[in-house]
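Two complexes follow with chain A in common, the first pairing it with chain B and the second with chain C.
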Partner chain A sequence: MNKKIISLLSILFLLSVLVASGCGGNDQPSGPASDPGPASEGEEAPESTVVKIGMVGPLSGGAATYGQSVRNGVEIAVNEANENNEIEGVVLELFAEDSEGDWSKAANAFSKLAEQDKVNVIVGGVLSSESEAGGPIIMSAQIPTISPSSTATGLTLGNPYLFRNCLSDEVQASQLAEYAVTELGLSKFAILYTNNDYGVALKNAFEETAGSLAEVLAVEAFMDNDENFKPQLTSIQQLNPEAIFIAGYYTEAAKIAQQAKEQGLDVQLLGADGFYSPVLIEIGADAVEGAIFTAGFHSGDESPAVQNFVNNYRELFNEEPDMFAAQAYDAARIVIEAIKSKGTAPEQIREGIAETENFPGITGNTSIDEEGDTIKDVLILKVENGAFDRIR
Partner chain B sequence: MISAYYLQIIILVGINIIMASSLNLITGFTGQLSIGHAAFVSVGAYASALATLKLGFPFFASLLCGGLVAAFFGILIGIPTLKLKGDYLAIATLGFGEIVRIVFLNLEITGGAVGLRGIPKDTTLTWVIISVIVTLFVLYRIIRSRVGRALIAIREDETAAESMGINTTYYKILAFGVGAFFAGLGGGLFSHYFRYIQPNSFGFLKSIEYLCMVVLGGLGNIWGSVIGAAALTAIPELLRASADYRQLFYGAILVIMMRIRPEGIMGEGIFRKGNSAGDYLLSKIKIKFNK
Partner chain C sequence: MFLQQLVNGIVLGSTYALIALGYTMVYGIIELINFAHGEIYMFGAFIGMILVTVYQVPFFIAFFLAMALASLLGITVEYLAYRPLRRSTRLAALISAIGASIFLQNLALLIMGSRPYSFPSPFVSKIYKTSFVTISKVEVIILIVSFLLMLGLTFLIQKTKIGIAMRATAQDKDTASLMGININKVITATFAVGSALGAAAGVMVGIYFRSVTPMMGLMPGLKGFVAAVLGGIGSIPGAMLGGLLLGVAEVMGAAYISSQYRDAVAFMILIVVLLFKPSGLIGSSLQEKV
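Now for the complex of A and B:
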């Protein structure tokens, strides 16, 4: 008897929750973007075409912070365009889909956006593996897609519908190596890399460039979520390098910096865009002081466009925008410019994105090359007095 | 014509039916709690992808190759872990899963952390349907035979089974081998559908997902695995409408399902009161999920 009541209650609860979510859910994808505000407030009859912008990324799971930043960045761009009535007679609508950080689920999300929601263009995927899995899908559906953050080597090759608005790992690492040798005058390097696609690509490029200009003494691997780096640091210490290039993310980088300091290993720390997070300084404290790394975005930049974005972001989401948000914002802006210059059909948007040249984004002047890859400057930042400072 | 999105979900459901029902043979029928099933899937996925890419095998041969290589590893893991039971076996299979992932992460031929891309898209709905039918038919025949009764006897009480003259060693290895073969076959279909594989996608969580399908559908019931796989593949997609609350509902559905029918949708009497083997297995699984 008692059991029956409990089961009944739980079913009722579930149903009510589902119904409630169903209502909320229906306008969820359209979200703030489709807020009829600007369209219906206008004096003219709201006879505007709706252009659907899809977004794929990890909104839940371990990589959720990246996905949410990307969604936020796209959302700001879409809202701005709608509020300012930027594209005559066009209202943009955002459809954000969760991949859980799992590429097979990202493939489902891409497929749903392309086939069910019939979006005109997609900003995503966030992780490289998501874009790899989504590539064939959006190519056969002929939906132009621009990834704000998938840095894998050769991702966009052979796929005329896939673009990206981020520097590949190669470009970052080789430019940093060049800078370290020519500008910083360093000549003896050690490399510590995290053993995933990101770390490996950075390591290979840095090793090649630094190896040809100067000397790479040691290459050691670690795993994401490792806590103890002393074995690698000890073997590096014996070779007496002048600098360590850490090809990995900020949490591990900060821990490595601290353990190196504890061991009395006094070297120049180098890194890539995986360093760019306040957490680096929070965990690393004075151990990361002086670290130099490449980045795609610097929120301290004083140009009005950057400050406008940073303020908007703080206001809407109550947090600091990171590189993912900024690159996503720029990616969405590139899409908006493409719609303005070419039209709203997927094929027209594709042409528009492909022809992007010297687009003045908040992550720097951006052009898209024939292969769908980005050409833009690599920023080089330095940790100074517990803050990021741009040195190039 | 059916939309490519639904087609993709149907294909995924089919592939997951193969994974779940093959795991059911190991865990549901033979009572060996395995949380390394995704490792067999990844071995099959990589073996078949490499057979296609490097050796130029036709699709069917690649699938078979994936299945056979996975079966080999199933037997390999079966032998040293035979003496282990319950928790210990679960941890050993978990360890095996991690080893496989790390090996693929570091091997050159598997593309390391970057994975393999450009695998031809050979998996079609027809191939998936044929594979599902073959898998279910073979598993059904095994379970309804002398072998199946021996496996169930091992699950119910290993000591009693042994004293009745059942070669428990042989049958347990057989269960691991056959289960791994079909998991590998499914892996081959998977890699030739998505055209891309990467070691991190076949981790511990994927194994748990397959185990969820089996438990939700009903341990020791083949049709249960079909329903469990279909439900757990389709529900997250249906819940896309609820955007941010998706994972919340997904979790709630699992919890409520287990509350109402702890034996699974199609579960039979394994977990009826007083069945010590069933109670034991269920309590272990509950502990695993609570972690």
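Now for the complex of A and C:
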């Protein structure tokens, strides 16, 4: 009897270790850490200086799609620069570190890049919690870092080494709320948010703006990787909202859309840049038809720079680039421009990034303000006939 | 709204119950928490998805094929990871189980990548509406199939020769083998049946939520374990009851307490049960386990 309790308790302990370590050790056997990838092709030229570009993001685990897209985007930018010999006498080398989507592992990854690999600059982290964990580390190591996708409010404040190339959640969510009320004429909202930095920041901003212009009836939470949203949707359905704002990523958004439809909950779906992925339509199918969301990138854009990137990406990785890949590509391009104009030392790269002004990126014209935050347009896209269509 | 949430909870709970059965059967026989069970559930879902989308196999055939193939996988895991450790300490086998779980998860990540795959529903989506409750066709099917599987399992355990052998083995392995029961055969059969039930749950959850991912086994695996402990690990009716209770408790927690604490509710229940009734709701500490 006693033995049984002890063994059960030890199991519990093991379980909690499993859960605490970011849901059960998903290290991919071939860690990308030691694999600089094709980026190191140009190494034969001995006289050129090597500039090391670090990358931190979830390459395995539940959020791996986002991290892998970011790595792919950076890889394309680095390859292009190396192939075209874009920076005289400089070869770029990519060091990708896996965070497994876990902030403590991300902090380790940032430390490793700064202390062991001695990188010149970092593109990352991918999730907001990763960048928040890495911020103090790269500030004390004085390594300029540009996040392609960490949208948490105020992320870059007070950290001269931390930049980002994406719109803050606040800007996106409040512009979307305004658009929904004034242009779409919606007045009764429910919010369903993923309980992490990204979801909470979006929820707060949307609730504030929508609450002041119209009415927010319900706010419900869910967790990343959740599959069943029926309890929340049932609660929301009682209140008869006209629209649901889903503050989360596409996988969950698609499932929420499916289950809402199955439940006979017929409302306008709203979302933010976390919606932007072909997977949204693949899983959501007709349930996500008509969904409206903000985005930083639209691969259907006809400009040659965008189409060039999209084609390169398809060729190399055999899939459609998502917003993460595009923003990562632009972030890496901003770094490359900074190296070109200022030099290869971390401090010079930092200056270069900070002075970015009207950089013509594939995610729109981008400037970096004094706080290290980005200034660019918010696109609004709509799912129409199984494709994304730009409506603003 | 209460009734609707109750229905939501029962549908969720019946899938937990199917997973919990796999844990509890294996525990009943060899006193091992088979942590790889969540991954078997995931593989079952993937096999079903691949058969339906790539090979265009009709859904019901794919469903049974997925159960059969997952049985083979369960047997293989037992043969490679647990059988060599049968005479070692229980902790060694437990660690081997965790290793098998991580291995299978990463194997799926390597083969399939990390993105979610769409699992098209084989049924025309249809909603049945009454004045209190809305239920979809998929949910009705999940309830019926789970019920039939549990009925079938009860029959197998109570009435068939192999079921009697399983119960005998669970009570006393050595005496059972003295009575001429082939213990290895019984253990293989237990893993096969448990894995098949897990795979059935995986395929049904796959069509319910229209997607499968390599990580999908993690949480349901843990919840299935909680359900098994809640009902009394080793007890088959306990696993069924524990699964249903856990599903309902989780949904009610999300609906009436806060959706933020949904998973916390599940694990809180586990802690409370372990504190006050460590043998579970139905489980008995020493007597028969299956």
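Simple rule for what comes next: the second predicted complex is superposed on the first by the 343 of 392 C-alpha atoms of A that agree within 3 Å, B and C clash if a C-alpha of one lies under 4 Å from a C-alpha of the other, contacts with A are read in each partner's own complex, and residues count from 1 in each chain.
The rule is simple: a residue touches a chain if its C-beta (ideal position, glycine included) is under 8 Å from a C-beta of that chain, and two chains touch if they have at least 3 such contacts.
This structure is a prediction, so every number in the text was calculated from the model and none was measured.
After overlaying the two complexes on the shared chain, residue contacts for A:E262 are found with chain C alone; chain B is out of touch. Within the superposed three-chain model, A:E227 lies in touch with chain C and out of touch with chain B [touch as defined at top]. In the superposition on chain A, A:Q238 makes contact with chain C only, while chain B stays out of contact range. In the superposed model, A:T65 makes contact with chain C only, not with chain B. In the superposition on chain A, contact is made by A:A254 with chain C only, not with chain B. In the overlay built on the shared chain, the residue A:N195 is in contact with chain B and with chain C.
In the superposition on chain A, A:D377 contacts neither chain B nor chain C. When both complexes are overlaid on chain A, the residue A:A133 reaches chain B alone and has no touch with chain C. Contact with neither chain B nor chain C is seen for A:E83 once the two complexes are overlaid on the shared chain. Residues 7, 10-11, 14, 18, 24-26, 28-29, 60, 195 of chain A are contacted both by chain B in one complex and by chain C in the other. Residues of chain A that touch chain B in their complex: 6-7, 10-11, 13-14, 17-18, 21-22, 24-26, 28-29, 31, 59-60, 96-98, 100, 102-105, 107-109, 111-112, 114-116, 129, 132-133, 136-137, 140-141, 152-153, 195-201.
Listing the residues of chain B that touch chain A in their complex gives 3-6, 8-9, 12, 105-106, 112-115, 117, 121, 190, 194-196, 198, 200-201, 236-237, 240-247, 249, 252-253, 256, 259-260.
Touching chain A in their complex are the following residues of chain C: 1, 4-5, 8-9, 11-12, 33, 90-91, 94, 98, 101-102, 105-106, 109-110, 114-116, 118, 125, 127, 129, 134, 136, 138, 205, 209-211, 213, 215-216, 218-219, 222, 225, 229, 250-252, 254-255, 258-260, 262-263, 270-271, 274, 278-279, 285-286.
Within the complex formed with chain C, the chain A residues making contact are 1, 4-5, 7-12, 14-15, 18-19, 23-29, 60-62, 64-65, 68, 195, 220-223, 225-228, 230-232, 234-235, 238, 251, 254-255, 258-259, 261-264, 279, 282-283, 285.
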